[in-house]
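Below you'll find the structure, written out as structure tokens, and then a few comments.
Residue numbering begins at 1 within each chain, and the chains themselves are lettered A, B, C, D and E in the order written.
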């Protein structure tokens, strides 16, 4: 299927289209925003704490007079890079495991499937907490937690697809032709599983942002003064009555990004392969 | 039926064994000497060996594991470094609030989710459908710790209707359960809706229509019963997320539950506590899914007999 | 005539895990069959769903592992585990045409790529040569060569099946296993494909193993035919002999059950009763005795052997009725 | 519309408050007071408990008590004196005192209590405060004698400490290490007895009617654990709890200005300060921290007024004027160092860091606004050309880092140049200084957290400890402070902390001393 | 004789990705009491849509009956209120489907599904309906009906399931039975059983059967009249015996000739060249012209109508075998 065809189908869902633009906007802000901000994320103006919304401080300032918009923009870098790095690496491992289990079957499948089962026995956030418990906090460890959090569900989904693809006659046709396993896997199985993988990655990005911010909120993930959204929310909570925007801004930022990822994921699913259904979202909570 | 139940229960045993191995391995994954970590701040160095034996950390890995499992069966999960009390006893004290939250959240989200999903499916592609789907998407995408704060601001502080801390009365349970429940509404709505849409396009629904069965009966009897099967799975999985998600709610609402115990344990580097809590939570999750599996056979006759 | 493919005592058993049992049970999909395909002939394998005909075909191209038995291609045993080079060697000689023209083509590749793929795998020719080969193959199966850039979903079912045939022909094999190649097609298109296959057989010097449930199609295309029931061959004969003188009660009933497209020739016989037993627990003795109206005591305990009918080595039947005095009572395994 | 509804609700609430006020003429009192706490008691064993001073004095009383004016007053001992030898202290015990269990209190209980504390092999957390005791014995059932190894200036202060709470001698025998874990193993002479402990949630107390100071006025007290600061504020404002500690400055400010909320703020000076201590043994930047000039420069680069104004003004907290609190015996006002970037730069240049200096600062959220404070410090240091990186750690890491590491271990594992710390300590200057400022015998940071070592300070602290003359002791501590704060700084003093309580306006007789001890006996809450 | 069912100018279309697609165009036919009418054609010709249109079971959206009337007992089924339509379904007009596995609700027992129509349409008590179900199952040749009545569909074999479907359809002794490819999913021997059963039941109950199938063999075995459809249109309507003997429409002829014969040998099978035009293609002239070996330029420009007498109609400018 060509890109144009996918795009044509994707465009039809207006909500997904809007969500895509929101995400692109946020990516752009995360990428180049820091070059345009008036302040540094840690720059304080103690005399100017709890400044109301103004031109100078479009979202006001926090309890140390730091510009919330600036922090939000820098925070988008942290939150998004945790989500992307974590999900992409986790999904890579997940896809690998899923393909191995699904394609080779027998004891490889049994082994990997048991591993997946065990990982799935830890509900999302619990797994992330357990991993952070072992590794300690910090941006890198949060990424690793997010990555491991993505592995089992991705592996299970991919395993299912691979098994069903393996029984498809076009894959069997390749076997009859004497094609090598690598060729079958990469040229036929993975390319056909790709749309599902892309959709899962998109939806996982949303839930990973939730998970990472939940960890930070619990004080187990990213620590202040790093302006990660969950950490900002945690810090803002203490002064939320004096400065509600300190909670509202990161809270809404998380919500909007997660919703957008969900909608884009839905849109992609419809556009890439209308037959795929019932993908789950928001696993982490 | 009983035989099937027994078999399913037996089948979870290997799962539990592997699970226990993973949890056991957790402490070994921690960089550094677990004994030193566990001994904490104020234990003299000469008691190192004694402590090592007390923690069951002498001998080979296999011996250690066997001993650990033996102690588990005796109800010994070790002693908390921080509170100096048996972990199992501490978990016992904190299990109830978390269970109330998780069960309450599951029940609430199931009721709302199934209702939303049914309604959305019936009104497929109409305003109600879109509205409900967007609403449930917002529910699932809003971090529970964020919505909890908002709910507290509105219902506790502004309106003074409901308490914002603890789980002491049924009134106090409302906000935490609602917060937690809402996070699961989204996925249950989706599952119910897509499962219903799936089912109503099945041939047997056409057959029922061809028999002249009233539409209402078709939706609520013929279709719903079939649609319930994936929904049940989803509820089982949701229970797990709620169990873990209760951590966030417990933190915001100052509830002394398992989740906060776990987070405190992580913060205090109280590894016996982390180990025990994770194990208990994971086992509860596995058991709930076992119950869900058994419930299947009540809904889907294909499972009972095949 | 030279035997091209010899199947000897082939068995394929699949483990299945039943929810109510811990130990896996086995589906005896193919349970000890023998047949030979000669060069240039079309050998038919007929039977109802679940009789093991497709599994037999897949075992020959190594899509399933045989549990026991031998398969000789050109005198070499191909049932044993193989190295990749041997596998490729086999692929150049034996190809497969699938039943479902929709799922047998990778939806993400162009038709040209699909037909070219076997050539790439086997390193045949450079890009330009391959392009030419593909064009010729497409023309040979009755498609326009300039459609190589189209995707499978742009074709009708019959055209897709032609693409499948072209792919199978790409390596210039001697034997093609055709697994129900026309059962998913409409009658008018089915006729096109059957004619095509006949034409190609001559021009490419092919032998076919033709698997089908449709006796009329088999009769049209095949030289010799084996009738399978519950993993076993119950009758094997030349086309004429089988259709004129079906000797196994199952073959007889199968033939009688086909509704003829002729209102004057209504079915009058009582149809065969009951269903085929489960291949997980096949009945002892003759597999057909549960439905056979002629069954007698011996049929329930003693399994009949596939033996020549009235001394005709080309017409084999496995039925006690046909061989009342042969064989000994086999001990029944508990 | 929505606004109208909430206005209406507010009006109704107001009316109900008014009616209550009217009824309150002849007040009736509730039988339970709920107290919202920020952290849990780690033990109900006085020898182990290291949590706040609020809860334990409710259960146990010591030989000497402290009143709300910070004066030492008779507790379980009615009078006490030191003999000529300056080491033998005799305590006359109060008659007719009973433990919660009903057992009568006598000198044997005192002996058992202190014998236990003196025994370092038991690994009791508070034992280090009692190593100066030579022996204890009961002269008669109502006379308890304590002999110190050398003359010791802080005997009275120590005897008033919560860790000196007297435990039942019989229970010491029978409970052993279990002491203080369950209501059955808790037996004191305080006004309230423990009836229920729900770890992580709450502790319930019931009035002890035979309390020697008279029966408490309120029947039950419940300590409710609310770890979250914002949640505590909301809980007191919505009337879910009656008394609360550990409020955030912002909440205090609002409660102080907002009169309709029904919350009163009570605060007094506590005996604690915040400081950022130096890791003198740091090997960063050519061991810059070992140079007094560098440390002085850092101290001069910080604007304490600005920090206190920005963070603590609602709590009424001002820059600390010493390393001790004014309430501590031995306190001298040492003034506040004003920010002076020029001086700081000059000092840095002297030390060879004219081009700037990179340091790392550790902080943790367990101190009220500890993270924010460090964040501001980082910004302020920039003005003196010091580039600081901040590391915020969890409570556990903070505690682990103080576990008795050698300088080498510490620098390898953590490598912080400055870290947040609390100081100011206990009732007597000795307890607040010697353990933490004197050169450590062990060479580790078990007590002397920043590996600080100054021979003059050591000498002064030793002399002051052995001196029982209050006047000359104060002089010695003043001299020590001059070195510790100005000449060879041990750290950067920050704010003098206050105890801050939020009270429901129905609470009466809330009496508090600087040691953060509440007079529980008289506390009452009106019915509303 | 008045037909029991009369379809007039039925046009049904679906909303597809590329726009509206007309599946059935202007279809008219009559079904008489006691008659078996077969609607044959290849996949996509609109035969199943016709069957579903009669009972108004076209999924809407995307499908919709655009035009036409379906007369049954002087009522136009396309204009019936939903409630009245429900009273017809399963009661006067019943239907059986191709896939007995998927057409039965997996979570209810066979008996319960058989009883359903009895309870709905005849207000039977559960007990009476249960007894009726058992006798129905007996009448369709299900062994051990007392036990089977309490079994679930997945516990039955394909043939038994189709029998159960038939029992369900016949529960209220309908006037018309619509059988949509009733044997396609079954093996030959089972198909023979079901055909036999249908024939016997038809004789017994004297109902009208509308048989939808693509299998000319099945048509020959059961039908009195045949309606051949091609690309959404009826192209020929004849008595079964006549049609097989001398088809009038070139398509019918081609269809019959392309079936491999069991009784004769051919070296080469006759085949209709090309393939069915895409369903959304608008064709000016005869829709079969492109594949027709008799086609003239005239055929491509002028659309033929379905013409002829009551017993025999054909849509061809140059009908074959017409004397």
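Heads up, the rule we're going with is that contacts are C-beta pairs under 8 Å (C-beta built on N, C-alpha and C of every residue); 3 or more make two chains touch, one makes a residue touch a chain.
Everything quoted here is computed from the prediction, not taken from an experiment.
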Query raised in the report: Common contacts of subunit D and subunit E?
Result: B
Requested in this report: Sort out for me whether A-C or C-E is joined by the greater number of C-beta contact pairs.
Outcome: C-E
Query raised in the report: Centre-to-centre on C-alpha atoms, which chain is most distant from subunit E?
Result: D
Requested in this report: Please compute the C-alpha centroid of subunit C, do the same for subunit D, then give the distance between them in whole Å.
Outcome: 88
Requested in this report: Using mean C-alpha positions as chain centres, tell me how far subunit A is from subunit B in Å, no decimals.
Outcome: 22
**Report entry** Approximate Å spacing (C-alpha centroids) for the pair subunit A, subunit D
**Finding:** 44
Report summary line: CA centroids of subunit B and subunit D: separation to the nearest Å works out as 40
Report task. For subunit C, jot down the residues that touch at least 2 other chains. Result -> none
Query raised in the report: When you check subunit A against every other chain, which residues touch at least two of them?
Result: 219-220, 237, 240-241
**Report entry** Where subunit D touches two or more other chains at once, by residue number
**Finding:** 228, 230, 394
Requested in this report: Write out the stretch or stretches of subunit E touching subunit C in their complex.
Outcome: 42-43, 157-160, 187-193, 195-196, 214-221, 223, 240-241, 244, 254-256, 258-263, 265-273, 275-276
Query raised in the report: Any idea which subunit D residues touch subunit B in the complex?
Result: 6, 9, 13, 36, 42-43, 123, 125, 181, 198-202, 224-228, 230-231, 234-235, 237-238, 240-241, 394-397, 399-400, 403
Query raised in the report: Which subunit B residues qualify as touching subunit E in the complex?
Result: 125, 201-215, 222, 225-226, 299-302, 305-306
Query - In the complex with subunit B, residue positions of subunit A that touch it - result: 15, 114, 117-118, 121-126, 129-130, 132-134, 206, 210, 213-214, 217-220, 230, 233, 237, 240-241, 244, 247, 251, 254-255, 258-259, 262-263, 277-278, 280-285
Report summary line: In the complex, subunit E touches subunit B at residues 52, 55, 57, 59, 61, 82, 86-91, 94-95, 97, 99, 102-109, 113, 116-117, 120-121, 152, 154-155, 165, 168
